[in-house]
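The same subunit A turns up in both complexes below, where it pairs with subunit B and then with subunit C.
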Partner chain A sequence: MKSPVRLERRLEQPKWLNWAIPLISLLAALAVGAIVLLLTGKNPLDVYHRIFERGFLSTRALTGTLRTATPFAFTGLCAAAAFRLGVINIGGEGQLYMGAIGASYAGLVMGDSYPVGIVIIAMVFAGMIFGGMYAGFVGLLRAQFNTNEIITSLMMNYIAGIILNYLIFNSLSYWRDPRSAGFPSGKPLEKRAFWPSYEIAGVGISFGLILATFVAVAVWVLYKRSRFGFEIGIIADSPRAARYIGIRTKTTIVLVTALSGALAGIGGASQVGDFTHNLDAKGLQLNNFGYTGIVVAALARLNPLGAIVVAILLGGLTNAGYSLQGPDFPSGLVGTLQGLILFTAVAGEILMKYRVKRNTAAKKAMVAS
Partner chain B sequence: MTKKWLPAIAVLALGASLVACGSDSSSDDAAPADDTMVTEDTMAPSDDTTAPEATGAGWESNFTPWTADAAPVNCGPKEGEPLKAAWVYVGPINDGGWTQAHNEGRLSVQETFGDKIVTTYKENVPEGDQTAQVIDDLIADGNTVIFGTSFGFQDAFAAAAEKNPDICFEFATGFKSAPNLSQFYGSAEDTDYLTGMAAGFASKTGKLGILAAFPIPEVIRGVNAWTMGARAANPDAEVKLVWTNNWFDPALERKTAEALIAGGADVIGVKSQDSPASGDAAKAAGVPWAGYDSDQSENYPEVWLTATTYHWDVYLTPRIQAVFDGTWVAGNYYGDLEDTFIRLAPYGKLVTEEARAAIEAKKAEFIKAPGSMFTGPLNDNTGKEVIPAGKQATYGELMAQNFLVEGVVGEIPAS
Partner chain C sequence: MNNSLLIVILASAIFYGTPLLFAALGGVFTERSGVLNLGVEGMMLIGGVSAAWASQHVGGSAWFTVFASILIAMFAGGLTALLHAFLCVTLKANQTVAGLSITIFAGALGLSSYFANVWEVASSPVPRPIRKLDVLGLGDTPVLGPLLFNHTILTYVSWVLVAVSSFYLFRTKTGLQLRAVGESPQTADAMGISVVKYRYFHTILGGMLAGIGGAFYSLAIVSTWVDGLTKGAGWIAIALVIFGFWRPDLTLVGAYLFGALQSLGTTLKARSFHISGDLLDALPFIMTIIVLVLVSSRFAHKRLGAPAALGVPYEREER
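The block that comes next holds the complex of A and B.
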């Protein structure tokens, strides 16, 4: 079997690839999507116009996009931070739940007595600590016993979901609103514990997204400009080499996994502080923020700053998706379209590292030698 | 070394405490109910031979405005334009249950009003912040009547109602009120009871199983009524109850039903599960199955008994008409067998003639007196009297029902 083309590893990656490949991927996605739309009797130009209009082209659309993007940004940072070390933490979902649990606890306890600023800071830190420790456990298992963190972090997502259900549906916990005796829901925060939102040129921006941006910069600096980040790079490339030169590999794995979980934890805190203002056990579990974060990180090529940009794009795409669907546009078609765009974007990544070559006898001989 | 282990130990401690916490939540099994209580005489045959047939009329008598002299909300269309109405669904429109029934209601409205109305829907909308955004989006699209059909949307709907006083909001199965936010649902306990009777008659061992969504009054009432129906047919019947903590999760529903069957249940029932997936488990095991909120008699003919079904158009059509007439006021609607909002799905072949006669007789009683199964003396499954003799639970008490009747093997967590 001979394929007419083959992939050849690029020896160097020209700068222009950085923008050309995402652009070509996007165009390819739109082209494939157009075929699907034409087959189902839709006008692709109308549909694409509506996606951009409802995702980005008005202040109201942008406000919504940034709201939806806020949790994606945190879970994207979570995935990117761990993946960079080669720790495949797919537990952002559960770590976000834990962050929401911690932050709503802090918000409920402190909401009516402490100054507003202190309450918000406490919520952020509670989210970080809960998310971070929950993830740290995964990191510890990986560092100490070499367990597969993909499995443990995934399983812990389900445990976190059960904990959420327990706190709201199956117990009279501190988090549950006692007035909702028959209809379990989270105890609402005092208004003072609501996170602020800002308006810039008519576009509402949540405190959470601003925080995410600062956090992204901090993570970027940590990874690119600090000794710790340098060590992370070495461990990711070769754990044995890292150990040989005296880097404390195990500690680093635990710390980075905990950091990753802390980032998702702030995402959970932001859900409580920015949006739902209580522990919304069902809502948190229905949105799949954590899993979306993995897509965000992949599309951002694990770049923390890129994660913010990708989160906003995905936020727009998500909102536009809800906007598109209706009697003449089934949600399955929306999902297909979104899936195509994401798949093509990720698939385009391969062209960063490899280039497509035509298979000829001469080249084959060269490769074989 | 110690320094290195410090964070590790802290993490381990938290992890351990969390794991312990998680395992608590799985302790759903209750102490078995004691059998000392006398079963009430729910099987008294109706002496009224000309049992009243449901008329489909009189939905108004089941609708109560929040305030007596409320001014109508003007959410009608502009002159010469169609009315735009939207439905927000938590599941997919082809879920074979809850959302599908709501969507059939929407289609019926579209058909009834034709060119005068443009209806749309959003499906698979997650609860949480996204709900609010979807509502905003629908309003921006010009929709002036918006229906919500999942309990978890309620906060978003209440907030949207406050923000948009000129939009009419209609919410199924909630309890919050506002001048422009109505609540609509119905007395499913009546048909749940009748479904339970069919299940009780079909059971040979007297051990039945039911899976139910969340321990909230709406669902608890249904489980209780179902159990009382089963015990009306078979006074020794016991109903093993498992909470799924999910409205719609076909895989989980099927698995739960399989577990119930493996545990000895010879009839399976469901309450507030939006997919018919438990029917697959029943079919595979050859166990009679009582469904919920959709007529699956054709898809599961081998195991089908019957089910509660909702006919949302009974309420939707006059409400949309009220919008056109400029008379729409917010209030609470609780439909029943009489106005045909609640109906019993066609019987399956496993429901015997004897069972059918008994069920029809009881149905005639419920048409006249919805919710009358919750009349004392009634004990819960710990033997405590919850409704004293001669008293019937009020509407408010039904809406807050927080006990499981005798015969239910299970418990309400957090009570």
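The block that comes next holds the complex of A and C.
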């Protein structure tokens, strides 16, 4: 035993670890990120200061941050909902695209004749159905054939991207604006299909983010306070035990995967309704919403309410990245930091399971015996 | 004759399949040791950007530059894999999420793009790309020429590698011990085999091979750096390990099949076939799902040869 520290298994997991570990992970990620910055000749303190400033320190920055946080909240909920069952749905990206396709369809069809409220509700549901069915297919393959859902859901992301390109760039689909010949773009929605936004102390808040918060509470209740959620917990811990006591494991897997996709689908609907007001094939694919959702879920330790908070944090980082982008702040830095955060969040789980002890006690014990 | 559609498709299947083969062979080693590596895409991209950088900055003869670029790509891929091994083996983290973290950290919008920006790799094409060789002057031989004698050096290396890895896995003591570590780390540990060492070594080896795969993209297929230029090849490589039943020889077949699918779009467009480009682009991804379903439904996973301890962190019994 030469190592100066040793790990001792925790017998119980104190509650405060639930927020302490993500915090430690975040700081550790910034520390490792600082090394990368130093190695590439940048001043980490300066970079971090500017990220903080552009992400959080003005009403304009906060407005942008909350805007960026909106899709992250939905994809974070999407990942968290599936991961809790042990289904690794990393298809949030594609499910969000499908949601955007569904919602923009509903918005285009209904936008000029129905009342505003109905249009918005229809868009949300269309997003949920498109995203949910797209993910449900992955869940079905997993439940029925035991097909590895990690790879299938990821492949579906690429396919969804190609579908988007087809609808806007390579065909004369219903979604494409017929007036946009040179630079094809999505057909703009009618004003009625625009989602409302609110302003509190000068900070703009989208309807989507408020919706995400309500949805997060609903998901929390579903997982923590319902029979269905209880069954999900059992399946996650021991699929065999779940089968023995008569839980319909396969149905649950399909339902939960579809639910998870539906959450990402609302994210897509919100992109259309809140921000772009058309099917923006290019814009949707630029941001890695889905991957960021995984980071959000992991850092929130799969807690739906935590996911909203973390989404805002990562929204700040990403938003600062957008506004700072340039020679001093190369693109790729934000993704690097996000990856590091996930990295340290995964590593941080060890602190949940083990307690780090200095190795002196062990030595003494050995001498004594 | 050598211009016939079939020959062209087969030859480009080998060309486009080569990076998949390297990355998937790496996956075979890593998974045989019981470590699941979902970070392949990230490792390929890091390898690719390092190779492109090296090609622009290492002087000397053309051969030396290519050789050095590949070595540097291996080093960079291995280093990235070291991070993965640290998470999975030392910290006993969830291997799925650990691999995802590597892909996000290193991937298309992450470190590989950051390095490309900081080092200004994308500003010019790679000066010393990997070219196809005309082996023994037989490159123009009907049929056999394009299939056997007109490939890049890395393709020939990959053929040797397939043979060597098969031998290593199934005919050597170390290979046997490696498989033991992947099947039952408890037993291996009891036999005095260091589970930690085997897992670290083969995870890093997998990363090095993924690095070569990435280098093939930036040095041969695209011949310049574009962010995210592997376009999901790393993920297809992970699926290939499953299609290949964790065996190098079958992995080669799978890699060329998917190489053919990937190149089909370019080949057919060049011959002005009227087929939807989008459908062709989607083909590799759709096929991956279909084959994955076939493989997972037909037999139980165990019979296919999946290492029993794949994805399970090894913890010694505590006193």
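The criterion applied here is as follows: the second predicted complex is superposed on the first by the 291 of 369 C-alpha atoms of A that agree within 3 Å, B and C clash if a C-alpha of one lies under 4 Å from a C-alpha of the other, contacts with A are read in each partner's own complex, and residues count from 1 in each chain.
The working rule: a residue touches a chain if its C-beta (ideal position, glycine included) is under 8 Å from a C-beta of that chain, and two chains touch if they have at least 3 such contacts.
All values derive from a computational prediction rather than experimental measurement.
Asker: Kindly classify A:Thr147 by the partners it touches after superposition: subunit B alone (first), subunit C alone (second), both, or neither?
Answerer: A:Thr147: touches subunit C, not subunit B.
Asker: Touch test for A:Glu93: subunit B only (first), subunit C only (second), both, or neither?
Answerer: neither
Asker: Touching A:Tyr322, do we find subunit B (first), subunit C (second), both, or neither?
Answerer: After superposing on A, A:Tyr322 lies in contact with subunit B but is clear of subunit C.
Asker: State whether A:Ile162 touches subunit B only (first), subunit C only (second), both chains, or neither.
Answerer: both
Asker: First (subunit B), second (subunit C), both or neither: which does A:Thr251 touch?
Answerer: In the superposed model, A:Thr251 contacts subunit B only, not subunit C.
Asker: Could you tell me if A:Gln271 is touching subunit B, subunit C, both of them or neither one (first, second, both, neither)?
Answerer: It touches subunit B, and subunit C stays clear.
Asker: So in the superposed three-chain picture, is A:Glu231 touching just subunit B, just subunit C, both, or none of them (first/second/both/neither)?
Answerer: Neither partner.
Asker: Report, in rising order, the residues of subunit A that make contact with subunit B in one complex and with subunit C in the other.
Answerer: 144, 159, 162-163, 165-166, 170, 330-331
Asker: Residue numbers of subunit A touching subunit B in their complex, please.
Answerer: Interface residues on the subunit A side: 54, 60, 64, 67-68, 98, 133-134, 136-137, 139-140, 144, 159, 162-163, 165-166, 169-172, 176, 181-185, 248, 250-251, 254-255, 258, 271, 275-276, 280, 282-284, 286-287, 318-319, 322-323, 325-327, 330-331.
Asker: Quick check: in the complex, which residue numbers of subunit B touch subunit A?
Answerer: Contact set of subunit B toward subunit A: 4, 7-8, 10-12, 14-15, 18-19, 21-22, 24-26, 90, 92, 119-131, 133-134, 136-137, 140, 151-152, 155, 175, 214-217, 243, 245, 399-402, 413-414.
Asker: Which part of subunit C faces subunit A closely enough to touch in the complex?
Answerer: Residue positions touching the partner: 38, 42, 83, 87, 91-94, 96-98, 100-118, 227, 231-232, 235, 238-239, 242, 276-278, 281-282, 285-286, 288-289, 292-293, 296-297, 301, 318.
Asker: Mind pulling up the subunit A residues that touch subunit C in the complex?
Answerer: Subunit A reaches subunit C through residues 9, 36, 40-41, 88, 90, 141, 144-148, 150-152, 154-156, 158-159, 162-163, 165-166, 170, 288, 291, 294-295, 298, 330-336, 338-340, 342-343, 345-347, 349-350, 353.
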